[in-house]
Structure formats: C-alpha cells, structure tokens
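In what comes next, subunit A is part of two complexes: it sits with subunit B in the first one and with subunit C in the second one.
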Partner chain A sequence: MLRWLARRIIAAALVVFVVTSLVFVVTHVFTDPATVSLPLEASEEHRAQRRAALGIDRPLGVQYWDFVSGLVVGDLGESFWQNQPASKLVLERLPATLKLVAGATAVTVLLAAPMGMLAAWWERRFPDHAVLGFSMASISAPPFWIGYLLIIVFAVQLGWVPTFGSRGFASLILPSFAIGLASAGRLAQMTRRGIVEELRKPYAVTALSRGFSRSYTIVHHTFRNVASGFVTMTGWELTRMFTGYTVVIEVVFAWPGVGRLAVQAIEGRDLILVQAAVVVLATLVVVTNLLVDIARRMIDPRVELA
Partner chain B sequence: MSGASPNTGGSTERLLEVKDLTVGFPTRDGIVRGVDRLTLNVGSHERLGVVGESGSGKSVMGLAILGMVLPPGRIMGGSVRWRGEDVLDPAVAGRVRGREIAMIFQDPMVSLNPLKTVGSQLRELLKRRVGLQGPAIRRRSLELLDMVGIANAGERLRAYAYELSGGMRQRVMIATALACEPTLVIADEPTTGLDVTIQDQILALLHDLSTELGMSVLMITHDLGVVAQFCDRVQVMYAGRIVERAPINEMFADPQHPYSLGLLHSVPRVDRDDGELTGIPGEPLDRARFPPGCAFEPRCSEARGGCRDAPPPLLKTADRRWVACYNRPAEGSA
Partner chain C sequence: MTATDDTMASEAGTGAADAAPPEGVTVLADLRSHLRKSKAGISGIIICSLFALVAILGPWLPLIKDPTKQSLPDRLTPPVGWGGTWAHPLGTDQLGRDILARLIDGARISLLVSVTAVIIAAILGTVLGLVAGYIGGRIDTLIVSAADVQMAFPGVLAGLILVAAFGPSVWLVIIVVAISSWMVFTRVGRNLVLTLKTSLFVEASELSGTPSSRVMWRHLLPNLVSSLITLCVLELAAAILAESAFAFLGFGVQPPRSSWGLMIQQGRNYVTGDGWWIVTFAGLAIAIVVLGVNLLSLWLQSFNDVAEREQIILERPGA
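This part shows the complex of A and B:
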C-alpha cells in the first residue's frame, strides 16, 4: 500500500510538472507576458524595455530553468497588475475556492446518493421519473443561469441569504447549489443506473432471498458496489468544478476565489498571474485524482495496486 | 448416501405447497411463460429433485417459490403456501425468506457480495434476521463455518469471496443459508461449475446437513446423477411444466414420460452396459413460439394428432406416480 502510494504521488508530481511546462509554453513561446500586458499601439522601444524588466529577453531555455526552479520553491513570478508575488495572490484566494468546491461537493453527494437510491428503489415509478426530470433540468441549465435564478429567488425575493460575496456560511449556500445541482443530476442518474443493474446481480438476489428488504439491500449491498464508480464520478465533477464552474460562479457571485482572480488577471492582461492561477488549479485537479484513487482502493479491495 | 431415506414424502407433514404457479416474461412476441402451472409439494425431511434442461424454467421456479421474479417478469397466477400461509403476500414473504426457506445459488463467486467479508455477511444475517447480539454473533459464525467444514474459521471470517476457492465459496454460501436455521433449503444447481470431486463433497455435505438438521431440500439441477445420489423423489420439468413426478427408484427403473425416457438414455451409466448413448432428437423449445398442445410434441417419437390440441394434464398413473402424457393411461381409466 505504501509503495503504491509513493508511486502514485510521484506520478502525480510528474503530471503537475508536465502541465505547468505546457502552461509555460503557451505563455512564453506562443506569446509573452510583456507583449500581452502592453496596448497594441505601444512602441517597439517600450516593449523591449518591458521585456528586459521581466527578464524575457533572455534565451527561452534560461527562462524555462528560472520558471522550473521558481516552481520548486513556490515562486510563480511577479504579478505586474498587483506588483505582488503571483503565488501569494493565488494562495490568498485559494481557501475561498476550496470552501466553494467543498460546499458544491457536499451538495452534489448529499443530493445524488439519496436521489439515486430513491429512483432505483422506485424504479419506473413516480420518484424515478421525478429524479430523472430534476437531472435533465439541472444538467441542461447552464450553471451561471442557475446562479442568477437562485439569486433572484432566494436572495432578492425571499432575502434569506446574501446576494454575493463571502460573508459566513449563509453566503456559501447559493453558489454551492449553483455549481452542485448539475453535478448532482449527473451523479444521481449514474447512481440509479448502477443500483438497478446491481440489484439484478446474483449477490443482490441472494440478499433479497435471505429476507433483507429492498431498501436494506440497496443501501447495504448494492450501493457499496456502485460506490467505487460514484467516487470516480465525483472526482470528475470536482475536476469540472476546478476548471470551469468555479470560474463562472465566482464571477456571478463575486466570490473572492482563484477563478475570479484568473478572470481579473485576464482582463488586466497579467499573464504571469493567469499562469499562476492555472498552475494551482491544475495541481488541485491532479491531487483530486490522487485522492479518488486512494478512496477507490479503500472501498474495493480488488482494485489493483498498479 | 443412497437414494431413498426412511422418510419419503407422502406420510410426512406438508411444508411447501405450490399450485398452478405461472411466471410470465413479456417479450416482443408476447408473454413467455417461464414457469407454467407448476404444482409441487415438499414434505418435512424430504429431498425433492426438480430436473430439466437449461431454459426449462427451473431457476425461475426456485425464486418464484419465494415470491421473487426478476423484472420484467411477474407472477401471473397460482399460489405458494408455506405451512398454509400465502408466500406471495409480501408480509409473509418477508418472514419466510431466509428464515424458513433459504436458497443456495449456482455460482457462489457472484452470489456472495464481492465487497463484504465472509464474517460481515454472516453477521448481518445473524443480527438482522436471527436477532443475535454481541459475542454470540461471532460464536455462531464460527460454529456455522465449522458445520460446513471450513477449517481456520476465525481467519476465514476476515476473507473476501475472491480470496476463496470455488468449493470454499459454496461452503460459505451454505453457511449463510443455514444461518437462520431454515426448514427448507432450495438448492439451485449448487454443484454446477465446481470440480467433480468438490461437487461430490458439496453434495455429501448438503445431504448430511439435511439429515442432521432435519431440513427438507428442493434440489434444482440438470444433472440426473445429482438427483440419483441425493433425492427421494423427483419431478421432471420441460418448458416450464412438470411432465413427470415419481419416487427416485421408480423414475430410474421405469421412466414413463417420453422426455424422461430420453433424458435417462442420454446419461452415461457405469453400472450397466447399455451400448450407445442416445440423445433427444430436435432442439430445446423456442419459448416464444409455444405450441398450444404438449410442449414436447415436436420432439416426441410417440406423438399423435391429439397431442397438438391442448397440453396434457399431470395425472396419476399409479401410486405416487404422475405423468403428463396422452399416451399414458391415468390410474383407473383404462
């Protein structure tokens, strides 16, 4: 187990390294931070000055070496929009994003698991159709639209929770649902399908033949067997959240997270800061996948230690 | 382990009474009857065999006796009574399943939960279905594994199904069936897929346990050898219907239904030199195109015109012998 874990961590670190190198290629080979940060009509002299200031007049190899060695000690360069280290800016915003993703994941799991079990329990009956309806609606609606809808109903009309910002637990509720509903819809359908399939398998038939109720069999026998897939899918949903949903929803709810910072960095033409945000988000995705692997290993003893 | 035991049905208390049980599966060509007006009785201390080829509805029958049918199938008619109570009533079924009637399934690899240890599968039964608590659960678990001949019981409790051999898995399956001390065990092809030597061991184990614990057994199998070794009485099933019912010795000495005859002739015998094996001509029935008459008629060498009109009823031809064939006169009729 420990050796397996060590191998997985090394592999994850390699993935992070490759991804960040790709980010470097995009930001330094196809364009450069100096050009992007200046207006189109800036003079050639002005550009050269900016390049020298940022050290990107040096050969690419040297710059890459700087980038990589900086990465190792957590130095992702200087944001020229804020005149602060980019890593500091990103890490300041990281807790907010993690909080949001945690909230959205809680919404996803707490809605999807019971809804999937309920739908399977009442297969082809009303609750099944209702869950399917919810899933279709939540999957089809864009998260930002769900976000605005939630704001209008619960914040503006009912006044139950703040419209935006991150002040306490109450303000976390709406953005978590805005992100989590679509994920819950997808996951509920996957859970339902999995349980319905498992219920026809001999071990479930055996459990039922021993007199265990359908609900007991679903919760204690079949759900365990779909849990591995459930965790994997939850991991994918987390990936979607880190790489897309948080960016959109943080803007909609003025949530001070990494996603909104990335958008602001793009608007401020601060390529160094964009790069730092991407590196951190990509690392989160890789860490998520690692955690998913560990969780699957704990659920199913048959998962190969490969 | 000989054929007949002292108690051979009839005189003993009737436990299970199945009457006209019919299970249908909707298909594109209409409803296919997996089990068609099935009638059978199992008495106390009795070992009844149900024999038939694959697709004859044996497994569907086994589950239907517990009121279970895999969707989209459903029970279309008939009754199942356990000591007089209607098992098709869900409330009764909840009581009877596992506790009074326990099933043993064909493939123990997939019939045991792959993600639960042997111990936890026994524990949940003993806790939830028997009502044991605390250390009594572990004590009884060890006892059960011991009863089914598993050595190192303490260690095996921590094992997962995939860590056990096929024979061992089937022993665990039997232990889970015994956990609630059932009165009847329905064994659906319990030895199929196991090595021949293991088959014998499992069969012997079931035989001994049923004698020791006074359990009745309903043995569902395609294997006449299993029936000969194990059962007191046998019913032959073809296309979801019972075509013959007889005490074991009489069935082997003098099969009456043409299908039973064919079945016996297609089994190699070491105790007699019958010359060549003969199969049954034709193919197993395409269940979607069910003939209106006797289901065996298309393959039957004795078929006459009348066989195609309506399925022959199962009639008594002699003491404790029943046959569903127009060519066999019923008792007292001829």
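This part shows the complex of A and C:
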C-alpha cells in the first residue's frame, strides 16, 4: 500500500510538472506577458521597458528555471493588473471555489444516490422513466442557463434566495444546484445501471429468493458493491466541476472564486495571473484524482495495485 | 463493447465466406428496424436533422429577418403570447433584433464549431489510439501518458490560458474543444485494438506479411467504426455545450455575429426585468439540440449493446 501510494504521488507530481511546463510554453514561448498586457499600437520602447520590468528580456532557460523554482516555493509571479503576488490573489479566492464545489458535490450525491436506487428499485416502471427524463434534461441543458432559470424562478419571482454574490449559506444554494444537477443526472444513471447489473448476479438473486425485499437487497447488498464505482464517478464529477462549469457558474452568480478571477484577469490582460489561476486549478484536479484513487482503494481492496 | 466487436468480426467473416448479402446491407436493415422501435432514436434523429437543416439553410429560409438588423423602437418586444406580434414570433433583444433570426444564425456557429472540433478530435484520437494499441512499446507508453496528462488538464483550463495568450476567436474555440476530447477516442480505440489484436483475422493477415499500416487501416479500423461513431455523437453533445460556454464567456464568436451562448451573455442583464425571453429561448435552443444529440447517442449505444440488438433482430418480421 505504501509503495503504491508513493508511486501514485510521484506520478501525480510528474503530471503537475508537465502541465505547468505546457502552460509556460504557451505563455512564454508563443507569446509573452508583456506583449499581452500592452495594446497593439504600443511603441517598441514601451514594450522593451515592460519586458525588462517583468524580467522577460532574459533568456528563456533562465525564465523557465525561475518559473519552476518559484512553483516549488509557491511563488507564481507578480500580477501587474493588481500589483500583488499572483499566488496571494488566487489563494484568497480559493476558499470560495472550494465551498462552491463542496456544495455542488453535496447536491450531486444527495440527489444521485437515492434517484439511482429508486430507478433500479422500480426498473422499467414510472420512477425509472422519470429519473431517466431528469437525467437527460439535466445533462442536455447548459449549466449557466440552468443558473439563470434558477435566478429567474427562485431569486426574482419567489425571492427566497439572493440573486448573486456570496452572502452566507443562502447564496450558495442556487449555484450549487446549477453545477450539481448535471452531475447528479449522470451519476444517477450510473448508479441505476450498476445496481441493475448487480441485482442479476447470483448473490443478489439468492438474497431475493430467500425473501429479502428488493429495497433491502438494494440498500444492504448491491449498493455496497456499486459504492466503489460511485466514489470514482463522484471524483470524476469533482474534477469536471473544478475545471469546467464552476468557472462559468462563478461568472453567472458573481461568485468570488478562482474561475471568475481568471476570467477577470483575461479582461485585465494579465497573463501572469491567468497562468497562476490555471496552475492552481490543474493542481487541484490532479490532487482530486489522487484522493479518489486512494478512497477507492480503501473502499474496495480488490482494486488492483496498478 | 468487446462482445459487440467480436460478433461484428465473426459476422464479417461468415459474410465473406457464404457470399451472403454484404454485411453493410444487413447492418443498415437492422439499424432501420431497431430505429422504428425506439422513440428516443426517432426523436433524436428528427431533432438533429432539423438542427442541421436550419443551420445549413439558415439565410435562405423564407420569412426570416436579417439577424443583425437593429431597430431601437422595437427593442425588447415580448414573444407571441406575452403581448408580442407575429412580426417577431420570439420577440426582440435589447437592440431590437429579431430573436428567431438570431437563433437561426447562431445555429450555424454551433454546428460549425462543434462538428469541426469533433472531426479533428476523432481523427487525431483514433490514429493515436490505433498506433498506441497496435505498435505498443514506447510509443504506446508515450501516447497513454499524453492522454493521462490531457485528462488532468481539461479543456476549460486550456481555453483560459490560450484565450489569455492569443485573444478570443472561433478557431481557438474549435482547437480547445478538439484538444479536450481527442484522448477519449484514443483510449477507446486503443482498448478495442488491444482485444482485436489477438484475434485470428489479424494474426492471419500479419502472418501473410501484410504491412502494419495496412493491417491498421484495412483490418482494425473497420472494426472500430461502430464504436467510434457512437463516441462521436456523445462527444458532439459535449462539444455543443462547450462551445456555448466559451461563447457565453466571450471567448468565441464576437459581435455582431451571434451564437447561442453569446445571446445568453448579452441578454443576462435583462433576466431580472423585462427581457427574460432572450436568455430563455437561447438556452432552450441549446438544450433541445443537445437533448437530440444525447437521445441519438442513447439509441446508438443500445444498438451497439449486443443483447438488445439480438432481441431486435429476433423480433424482426421474416427473421
């Protein structure tokens, strides 16, 4: 287990290294932060001055070394849009993003597990079709549109929750649902399929034929065997959230998270800050994948030590 | 999936030996009789063809107004049924432009971006998957690690950094959507090749000295086609959603061209007041098209599911 863990952590660190290096290539080889920050008609003199100020006039190798050694100690460069260290700006926004992803995950799990079980319980009957309908609708609608519909109905018409911003728990509800519904739809179908397959296996057939009810067998026998897949899929959804729709939903709800910071930094032509936000989000994805692997190993020891 | 391909392979084998009707014909017939029994498949095909027709024929459709023509006196006209007139069936936006016309114009961009991106991803991903699975060795390790890294670096992040570096454009969105989906084709293609590689017909052609490029192209690829088409449809749904998200963030098409995501971005200041229809109809358009694509993919998956397919073939009259 320990050796497996060590190997897994080294592999994860390597992936982070490769991803950040790719980011560096885009931001420093194909273009550079000074060019991006200046308008097209800026004079050559002005450009050179900005390059010198950002240290981009030095050889690429030196810059890359600086970048990598900075990463190790958590230095992600200086944001010239805000005149502050980029890492500080990103880390300030990180808790908000984590809170949002936690809320969305709660929505996902709390909706998907019961819906999947209900659909499997009444296979090919009304609840099954209803859950399938929900899943198809939720994965087909763009999350940012769901966000606006939720705003129109629950914030504007009913006035139950704030329209946007992050003031307390109430304002977390709508964005969590906007992100979580699609994940719940996908996960509910996975759960249903998993349970239905398990119910055909001899141990479940035996349990059923000994007179255990279908619901008891699902909850106590089959769901445990589906749990490992459930955790993996939840992890998948988590990484999707970190990098996909959280960015968009943060913009919709004016949520002060890392994704919105990155979008604002693009508008502010601050390549260093965008780079910092992307590096942090990519690292989160890798760490999430690592944690999911570990969790899966702990739930289901049969998972091979690959 | 493996089982399907084994059946397909044996079908292809027997088909050649008996000189029975060519395999393509029976598969198409199966497909048609399967479709007739599947509501999801039929609705999916209808929605997708309507979308394609509207996107392709857009500007030549009768009674459609100019999507860029502004008319400030008509701004924020509500749709028919909410006090609007048939002059603007779905109302107008904040600049008095006809929403129906803009939706139809936006369909072109969605179709162009998503289909191009999926084609690029499918070609690139399949070639890499074939090579990785069939050649193996170091090339395999390299391609698999590249796919793993890509998994950890999803499209939106790549999109953020590329837009920050090069500025927004439609081509950039196509590239970003393509690079966030190639590895799906690589993984599926590689896994299928690994199981096919040991089958008799591949070994036979290898023993008779067929060059590996020909084995991959003529013997392996045809066996991947059905799975890869299913995957293309699935990825198309993701691509349409991704395109709309990028357009919404302002990273794709720039005004005055319209795109469904961009319409939602421009109409969002009116959601809370008098103008809910801009965001609602644009989002509805995306949702309906993606639903159509998802239904199509659901049906294709069930057709590829061998047990279900045999059931259908058995039920076919005359079989």
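The working rule: the second predicted complex is superposed on the first by the 306 of 306 C-alpha atoms of A that agree within 3 Å, B and C clash if a C-alpha of one lies under 4 Å from a C-alpha of the other, contacts with A are read in each partner's own complex, and residues count from 1 in each chain.
Just so we're on the same page, a contact is a pair of C-beta atoms (placed from the backbone, for glycine too) under 8 Å apart; a residue touches a chain by one contact, two chains touch by 3 or more.
Remember, it's a predicted structure, so these values are computed and weren't measured experimentally.
In the superposition on chain A, A:F30 contacts subunit C only, with no contact to subunit B. By the touch criterion defined above, A:I151 reaches subunit C but does not reach subunit B. In the superposed model, A:V248 lies in contact with subunit C only, and not with subunit B.
Look at A:M117: by the touch rule set out above, it reaches neither subunit B nor subunit C. In the superposition on chain A, A:V205 makes contact with subunit B only, not with subunit C.
Judged by the touch definition given at the top, the superposed model places A:H221 against subunit B, while subunit C stays out of reach. When the two complexes are overlaid on their common chain A, residue A:V278 makes contact with subunit C while staying clear of subunit B.
In the superposition on chain A, the chain among subunit B and subunit C reaching more residues of subunit A is C.
Under the contact criterion defined above, no residue of subunit A touches both subunit B in one complex and subunit C in the other.
Partner subunit A is touched in their complex by these residues of subunit B: 63, 66, 68, 70-71, 94-99, 102-103, 105-107, 110-116, 124-125, 128-129, 160, 162, 173, 176, 180.
Taken together, the subunit A residues at the contact with subunit B in this complex read 123, 200-203, 205-213, 216, 220-221, 224-225, 299-302. Taken in their complex, subunit C has these residues touching subunit A: 148-149, 151-157, 160-166, 237, 241, 244-245, 248-249, 261, 264, 268, 271-272, 276, 279-280, 282-283, 286-288, 290-291, 294-295, 298. On the subunit A side of its complex with subunit C, the touching residues are 15-16, 18-19, 22-23, 26-27, 30-31, 36, 136-137, 139-145, 148-149, 151-152, 156, 163, 239-240, 243-245, 247-248, 251-252, 262-263, 265-266, 271, 274-275, 277-278, 281-282, 285-286, 289.
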